[in-house]
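Look at the two complexes coming up: subunit A is in both, with subunit B in one and subunit C in the other.
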Partner chain A sequence: MHIVVCMKQVPRDNSVKINPDLSINADGIEKIINLFDEYAIEEGIIWNEKHGGKLTVLSMGADEWVEQMRRALAMGATDSLLLKDPAFATLDTIAAAKVVAAAIRKLGDVDLILTGRNSTDDESGAFAPALARILGWPQLTYVGKVIDVNPGSKTITAERHLETVVETVTAPLPAVVSVIKDINNPRYPSLLKIKKVAKVEPPVWTAADLGVSGLVPTVTVTQRVPPPPRPSGETIDGPDAATKVKKLVDKLLENQII
Partner chain B sequence: MIEYEHSDEIKMLRQTVREFVNKEIRPIAREIDEEERVPLDVIKKAGELGLLAVPFPEKYGGLELGITGYCVLMEELQRGDASIATIIGAHTQLCAMSIHLGGNEAQKDKYLRGLNRGTLIGAWALTEPNAGSDAAHISTTAELHGDEWVINGQKMWITNGSFADVIVVHAVTDKSKGARGGITAFIVEKDFPGFNVGKIEDKMGLRASHTASLYFEDMRVPAANVLGGVGHGFPLAMKTLDIGRCGLGGGAVGGAKEAFELSRQYAITRHQFGRPIAEFQAIQFKLAEMAVKIYTMEQIVYDTARKVDAGKNATLESSIVKLYCSEMASEVIDEAIQIHGGMGFSRELPLERMYRDARVTRIFEGTNEIQKSVIASELLKQVGYRIHRHEGVYPTPKHAPHS
Partner chain C sequence: MPGVLVYVEQVDGEIAAVTRELLGKGKELAAALGGSLSAVVVGSGVGAVAQKAAAYGADTVYSVDDPRLSPYTTDGHVAAVKAAVAAAQPSLILAGASFQMRDFGAALAADLDAGLVVDAIDLKADGGAITAVRPSHGGNVINTYAFAAGRPVVALVRKQSFPEAQPGAAAGSVQALALDGAEIRTTVTSVAPKTGAVNLTDAAIIVTGGRGLGDKDNYYKLIPPLAEAFGGAYGASRAIVDAGWVPYEHQVGQTGKTVSPKLYVACGVSGAIQHLAGMRTSRNIVAINKDPEAPIFRVATFGLVGDVNEVLPLLTQELKSRLGR
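Let's turn to the complex of A and B:
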């Protein structure tokens, strides 16, 4: 079975700076695997260990992304593939999904695509649905548990962890699955593999290799302003704690919160 | 700060250690210091991940990432907790290193492999109550009885000594020969009859790293456990320390970087007199001086590590690294506390622990005074001058003593 994990390199999000135009300035910030993708990689490894075959880590990005791809290889991915072209540099989510879909078609034998729920830099959350739509495959989003991947019946059964309900769903393979945090416990890259994977140069496919052209972003950012500040809360005053608690409880009852 | 340009494999090592430190070490650092608890579970996890195997050959389960890799490991560990760095340091750069340098195939197979994986924990015992800096004058003895050595004596200040599975012990096998030829190293297992652990020191810092006295009463050690040949123990010990000194420098760089990062953040967020304290030149100059120290520390650590990895003799450089980095780390952490004002003195922040932990790096692995002696004697040797030593009650060792 061939599992592909789509992986993005992102700046460590708790330390990025904000440019004057409110865009992200990631200069000099440590690059890491997108948090959610790390869970996708671990899930891919789990099922690859069970069923064998290939686990390809696929990225559409710049040369420097290879560093994180090597980390995925040290975790346990068997193959890597970098989609790189000057034309890919400024794509929006839908265009990126078109490029990746072209690569998936070119690979030909893919049974399952795993992605993270969203990336921590762009936050669109639309990549997996777009990819599934373009490929015409079933999409399973917000997956918090993969119950079974069955190469015999060519199906996947998984739990979708929604806000108020956990849905168990089954879909035929090939399918696109986006996973949430804490679906598993991602392993550390094996240090014993470091020397080997540090030398790996992933194969590179360009726009020409993929036969994609005329890519233009359909969405352009025209302005960035901060959201309006949230109105400050109300402070409850009183001479002592008992009075303050009473006032607070009265208020909550009045507003039918309790 | 300024990023040191390491190879891709060293960068990967750093990122993995950093993640390990963030997940497994930072959350417990304060608590293990307060409880004086050796976090053996974390050490075991580190072993499973390969963090105890960084400089050793792949043949014995090592990562073969050299002293450079080892220094990066120490740097990242010490950013999280110096006690854990010390436990792993004594295990790796002292115990496993001496077996790597002096051991035969069978010994490496039996011990280095397990030490690399963390299924065995190591300690290294040279210092005695009456022989610290003057390590050539240890008095623990070993006598050959048939095919076993019988060891009697006491060691002191032995990191990991109270829980290690394997302890490299140095003893006098021929008093007439002095340090060169008269001292032998032995690989001791904790279950050998006659091995006893004494008290654990109550220390100023590194409180989650236990340092113990060891007693040997007619302790029996098979002849096969002689490490590096009878009479070769002292030069082996000196070589082990020599190679490992860089690691202490690496750790110091990590501690200093952590203190700097905390200070820089604090300087821009703490307001006094209506502005961030980063606006005051007094604070700016402190940050600048800290960065200068860190940059120079890092350069000499990795330049020396590169020489050691290339198989060059770097005794002079390693002593300079040990001396300079231990002094600079203490200064940087001290300034970090100053920048934090009263908060720097509080246990809520890691700085006061780092301050206590850093102090000992000027004492162990050869005091800084001893480093100066080594540096001077190496420098004078370069122009053919050998320092004249005053004869004491016993012959003075040829090599500058340290432990």
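Let's turn to the complex of A and C:
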């Protein structure tokens, strides 16, 4: 079977700045695979090892993203694909999903798409559902356990881990699945494998290759500001711990916080 | 009609608090847009909930009542709401921002080719144009969105963003809609409550422990009893979740839960930027740490420098005697 993992590169932390043109400036912050996507890659490897076939890591972005795609290849992905075009740079999530959907259609033989529940920078979690709907495939989001992927019956059964309940759901393949953090333990690629893929250049598909044009964002950012600073706090002092604790509880009661 | 449609979430046959907020804000936005407020109730045996929604200010409540709509499926609920969208032609569709609503809302927006905002904390309608405010990047960036004209907007709203609507006389009408031609492709075979579920995002008080607790035994000795004395839930930093002390369920931060309780008590938590991302919007923050330079103190409402091993048992005791718990 052919499994595709959609992955995104993100800054390791969100101490980003805002450029005058309102774009996000993450210069100087280490770039990593979006953590939730790393779990998706591991889940893809697990099922690829079981059923064989191809495991493609797909990313939409700039050349600098290739480094993280190589990491996914070193972990165990068999193929890679980069979607790159100046027209893709400013797309909102739904428009990005349209581009990825075009690539999935062009690949033609995809049985399962895995991705993280959200990126840790944008944090919307909209990509997987949007991609599923645009492809016309069923979706299983917030999956904490894949119980079975059955190429024979062409089904996937998985647990969706929501805030207070766990749903067990079966969907026909092809399907789109988004995964949460505790689904597995992503492996560390060996040095040997890292060396082996160090020079791999993923195939690149552009907007023209995909036949997508006239993508209009439905959302535009008109303002971006840092959050208002928190009012400065108060230090609870005292000669010993017992005095400080009493003072703290006094403060909490006085301010009707408890 | 350039109005507003609210997706009604239900909790044990009652209208969820976030929906009451949306009905309140939706009424205001509908007036600003020059349209009416409608609501859609989706499920099986939901007639009573539809009546209640009418009492919270919806001019029209669409009820899509069908056995196939319970439990939730994306296919079922998106099809049901699209029937209501076709009837009401709203310019703005509001729902909460829980995992299930994200599953639903993004799918609906894709189907309608609508604008989408997830985790909205404010919404405005000026001269027919809708704008939304949402945080991203762990709360380090506050974005204002505008939307393309001529398409609806789907806004998934973070709870506790708006005051709740108050019930009045049920003035609105309830209109039944059929779930026509919907193909539901997924099969839900069980819906089980999470064992030891902690809905941190709903807790009014959260007590979180970090690496400063030293080890797993000490965490369980000190943190859950303190949380209980506060009448709250207990959370954990990523470091100690990854170390296997505490299940992921309890993790607060960039790759865990984003919480905004009335009181957040961080014990032995240094306050890495990834942790702050998940709790910086808490209304009050207490930090207890022996390192006075720990970044957590920079966001603290009340900072107490001290050894958690000494402070926490005293605090638990003090709360028990003062609060009578």
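We take it that the second predicted complex is superposed on the first by the 212 of 258 C-alpha atoms of A that agree within 3 Å, B and C clash if a C-alpha of one lies under 4 Å from a C-alpha of the other, contacts with A are read in each partner's own complex, and residues count from 1 in each chain.
One rule holds for everything that comes next: a residue touches a chain if its C-beta (ideal position, glycine included) is under 8 Å from a C-beta of that chain, and two chains touch if they have at least 3 such contacts.
Please read all numbers here as calculations on a predicted model, not as lab measurements.
Contacts of A:253 after superposition on the shared chain: subunit C is touched, whereas subunit B is not.
In the superposition on chain A, A:213 makes contact with neither subunit B nor subunit C. Judged by the touch definition given at the top, the superposed model places A:189 against subunit B, while subunit C stays out of reach. Looking at the shared chain after the overlay, A:138 reaches subunit C, while subunit B stays out of its contact range.
Of the two partner chains placed by the overlay, only subunit B lies in contact with A:198; subunit C stays clear of it.
Contacts of A:74 after superposition: subunit B is touched, whereas subunit C is not reached. By the touch criterion stated above, A:234 is placed in contact with subunit C alone, subunit B being left untouched. A simple residue count on subunit A separates subunit B from subunit C, and the partner touching more is C. The touching residues of subunit B, counted against subunit A in their complex, run 7-9, 11-13, 15-16, 19-20, 49-51, 53-54, 58, 61, 63-65. Subunit A makes touch with subunit B in their complex at residues 30, 32, 67, 70-71, 74, 188-192, 194-195, 197-199. Subunit A makes touch with subunit C in their complex at residues 13-16, 18, 24, 35-36, 92-94, 97, 120-130, 132-134, 138-142, 157, 160-172, 181-182, 216-227, 230-231, 233-236, 241-242, 244-246, 248-249, 251-253, 255, 257-258.
Within the complex formed with subunit A, the residues of subunit C that make contact are 71, 74-75, 78, 98-100, 102-107, 109-111, 113-119, 131, 135-148, 151, 185-194, 197, 199, 201-202, 205, 230-231, 247-248, 251, 254-256, 262-263, 272-274, 277, 280-281, 283-286, 297, 299-307, 310-311, 314-315, 318-319, 322-323.
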